[in-house]
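Both complexes below contain chain A, partnered by chain B and then by chain C.
And now, the complex of A and B:
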């Protein structure tokens, strides 16, 4: 050991630098994180999960759900949509403005879905307005008229439409493959996990992402049936049935109100019923409590209604579907 | 037999480090700096991908259009809600409701005047007679706070009226000047 001190120092610096990078830096970044306010309405976010859902987190952990399901929605960008909210009184000026801005009708979600599933058809496109089209649009406000713009372009468009006497607002729309699948409306941020211990962001995606599963599947009894027999809902599901979370027992005087309503294929023998144990109920409560879609400063979006209709559970269904939804509150008055 | 001198043990002499190994760490460091500069938001906890900086994030905040409902709500709940209730429904024999009230949905100039010096005496709200005195609850508020809270009242709980701007509040304050005497309903109705 001619170079003992040198070796010690080298080892010390190697370990200390990785400790700084992996422990100290994250602690300085998010260690002091507190509840924040949502953008629309300023409600406190996040709020702690109800007690049963907190127990469910431990069931989720104990059964290794996180090894097949992530809770991380990724986002690749943010775009702006211009929405015409009020036509104003000067149609003679507004219609030429709409035509020169190349505004158009944006295909509805149903149209986009149909186009994405039909392989030979071209994808649904923005239909630019001609004059009668623009007139027709003014009868059905509010309407998105331009899509996928940068903030500067959107501001310029709003300015042009305002100059023509109309009122227009801007939607902030996060985009990305996960969001197209309907797995969320914005990316997952550290705030979403503030009250979870341990945090379960998951390691791989064998099954669908669960960050917003409570939003697309808000029914706890659905989750119970699905845990008992995943193939009830998805024919080729590779998810193992978690039947040990349920009790098969004889029906007493009356069937239990908690007993699962199963179709004949999965139903138990006559005279028996399937009743969820406490762990299954807690897990279902946890799953229905999973929703991370509040608009925050760190992950802005314009308040829109939940995209339940657009959501899909299948990880392979990566159709290029935009998740535009009708906003419940217009951001400008 | 004359022993040939044993060859000395091999020794490592000085050897030059290839120049490329000296340059490489600096190149990696340079690339790392550029990477952090582009992607880290300088370790701000507020910046997540796909955003690069707080400035870019600010660009994508939804336009409020002078509508700061969070601020209005905070002011409302500390000052107005004591009598008018959190849901704007008022309290019997204490304060009338804001929801659907013609005083709230009507002229902004009338509405701004009420919290500035108060309102006393008989007043008819939604076909109900009230005869109470409201103190000048808004006199101590800044223009911004008063505009935010009045706007909050005008657009919440199903109310749909125009936004009140700080400029409007300022103009009204100038018009009423030093008055401290509470309004009567008839005085307010004379205001356009």
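And now, the complex of A and C:
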């Protein structure tokens, strides 16, 4: 019995099916993707990276940076924050409503989680929230009233506030370990890579995720110094130094404006200076261009602006990301 | 047929190259551009995969096709030219990666200019394979032939797809991620197991002098593998529409079916009394699914008449351990995919641990076994030192254990600590370092193993060619003395 042709056809079918599924279909769906608008301002997203950053992407590729750094932020879900936008005219009704909400009996998801993780402690009590506090809150609108709610809880809150004559809205806040770590404000989606070639979301996190490194560390000269001597900022860093992207040369008539300002430990001998080559500058430009934080329809996000969030006393997932989370906080235990 | 051996030699030297690179990759921080971690690591991955795995796989595949078809290899010159092209392509590609021309898609890093040479080489070798299959004298197909025949044209399809859509005419944006995942998974989850299983299903019965427990079970595994395998690549959390990771996760779970079929088949072939006493299949099947149990038992056969044969038979040892590693690697893949939905495991050291288990623990060990079984038959010569072969086995086994287990440990620690946002990232990196150092020891064992492998194969080649060269030399000198004598 000759099964050859049958075998060929069957295997062909099996191969073709997965090909249609994972090559053709993504090409039709993701490959045809166009720029979209952000949710908040309606700005076009994404815009192509500037030319130097595009060169930097090639430096990133050529040196295999993606072997150690991922560019995908993951989120485990979203929670809702209720934000009071306008107080309305009926403060007499609003203030008791606020006090009931904040001292209410429903613990928010965040509080439930906190209670679940700290088993030996008594369940976290809701914060004391009194009338002066409410007045204070009303003076700085818009303000988050409660954070870390489910959609239903948030709807109920909004209903209660609206009944008191105020206007409130619901903010959607992505949560997850990556986001609490300060690696991004929402998950990474296909749109973020629209104009990149090659797309390198990475396979492993030997080093920190870089999807939003431009947001955390917007200073290109920081990146240059870090590329030259990673241990400058982090004693235990396992990142190899990229000295070959820099040129060590004699100082001319006057020091180059581009020369790295290095502490004595890493500085070259007297009379020499470290100047980044074009590749290093491009790479730094690329790294600072990495910021995927636009709120999109597929990944909604209304992050609290830093001022308002800092003013709240409730701990929440939407707390603004410390811009120096990775390099400066180095509690080496 | 003889040309396979030439191919092995080239491959072995490629292999020695890898091992030397391995020394560099973990920690040596070179100030030179081409030895930076990102490039050396990539070059290492590609050397191992294309230089050894695919090449050895092709060689074994051709031998099996010829052997099972009871026919000499068709158009051997195609294989020679193909092998030369393949190796030239890989060498050029690896140099390109070191120069900084890598494509940036892991496991597909060989730059475009080298890829064309490589694929041409593959096509020539594959053509010879298909012709051999076509001219076979034994019309009835053994399961291994199904596996190999499918694998032969599986690779050009996926490779051409990936090269065209990622390198030559790149698709837009994140669609690249999908194409890359498709290629990667088809290579590591379908191609390698297809060829590896072909070797397992041929050599285990052959070397134990038993029948394969069930050809139908093997075919069942075959169908399930090619149906589901290609769908398993996209991990949860990838920047793609949610339906893709969802389908992938389901497909990965369905891999349990071929996994059980393979494990059962291998187990029953090795230890089953005979096919008609199969009443105790469920009991044995249950034992097979427990990785720890299997891990302990497979290299140590139960105390019956098998013990001497498995102990004495290095190829069989290699292949059996390889089969166990395949089962473990698939289990690991399933666990990762399943748990990852709720608890992030991807993007940690678990990923390289799994890759290592799959491409080294499973595929390379099976290939070593197959080569140790094939070469003496092919050349009618014994290996110079059986002790060295066994030394290679133990080094390879230790090396695999010492790389996979620490890497997986590092992965688990990393995943656990990453989940807690209060642990600073640097602390996580630090906590994985001891594991990584342990895995460097494993790399060292593997490198020694490669050197021994090279010595073994070279020794065999010397034994094989010496009489021939001597004969040719005698002929030549005889002519010479004759011509000297004439005037």
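By definition in this document, the second predicted complex is superposed on the first by the 257 of 333 C-alpha atoms of A that agree within 3 Å, B and C clash if a C-alpha of one lies under 4 Å from a C-alpha of the other, contacts with A are read in each partner's own complex, and residues count from 1 in each chain.
What we mean here is this: a contact is a pair of C-beta atoms (placed from the backbone, for glycine too) under 8 Å apart; a residue touches a chain by one contact, two chains touch by 3 or more.
A quick note: this is a predicted structure, and the numbers were derived from the prediction, not measured.
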Considering only the touch criterion stated at the top, classify A:63 as touching first (chain B), second (chain C), both, or neither.
second
Touched chain A residues, chain B compared with chain C
C
Look at A:39 in the shared chain and tell me whether it touches chain B only, chain C only, both, or neither; answer first, second, both or neither.
first
According to the stated criteria, A:199 is in contact with first (chain B), second (chain C), both, or neither; which is it?
second
Looking at the overlay, does A:51 come into contact with chain B only (first), chain C only (second), both, or neither?
neither
According to the stated criteria, A:236 is in contact with first (chain B), second (chain C), both, or neither; which is it?
second
May I ask you to decide whether A:72 touches chain B, chain C, both, or neither, giving the answer as first, second, both or neither?
second
Figure out whether A:151 sits in contact with chain B (first) or chain C (second), or with both, or with neither.
first
For A:96, select first, second, both or neither according to whether it touches chain B, chain C, the two together, or no partner.
neither
After lining up the shared chain so the two structures overlap, which partner does A:30 touch, if you call chain B first and chain C second: first, second, both or neither?
both
What residues on chain A does chain C touch that chain B touches too?
29-30, 33, 187, 189-190, 331-333
Listed in rising order, chain A residues that touch chain B in their complex are 25, 28-30, 33, 37, 39-42, 75-78, 80, 151, 169-170, 172, 176, 187, 189-190, 295, 297-303, 331-333
For chain A, which residues count as touching chain C in their complex?
1-4, 7-8, 10-11, 14-15, 17-19, 21-23, 26-27, 29-33, 60-68, 70, 72, 74, 177, 180-181, 187-208, 234, 236-238, 240-244, 326, 329-333
Would you tell me which residues of chain B are touching chain A in their complex?
43-51, 57, 59-65, 67, 69-71, 73-74, 155, 162-163
Where on chain C does chain A make contact in their complex?
29-33, 36-39, 41-42, 100-106, 133-134, 139-141, 146, 149-150, 153-154, 157-158, 161, 165-166, 170-179, 181-182, 186, 223, 226-227, 229-231, 233-234, 237-241, 244, 247, 344, 347-349, 351-352, 414, 418-421, 424-427, 429-430, 433
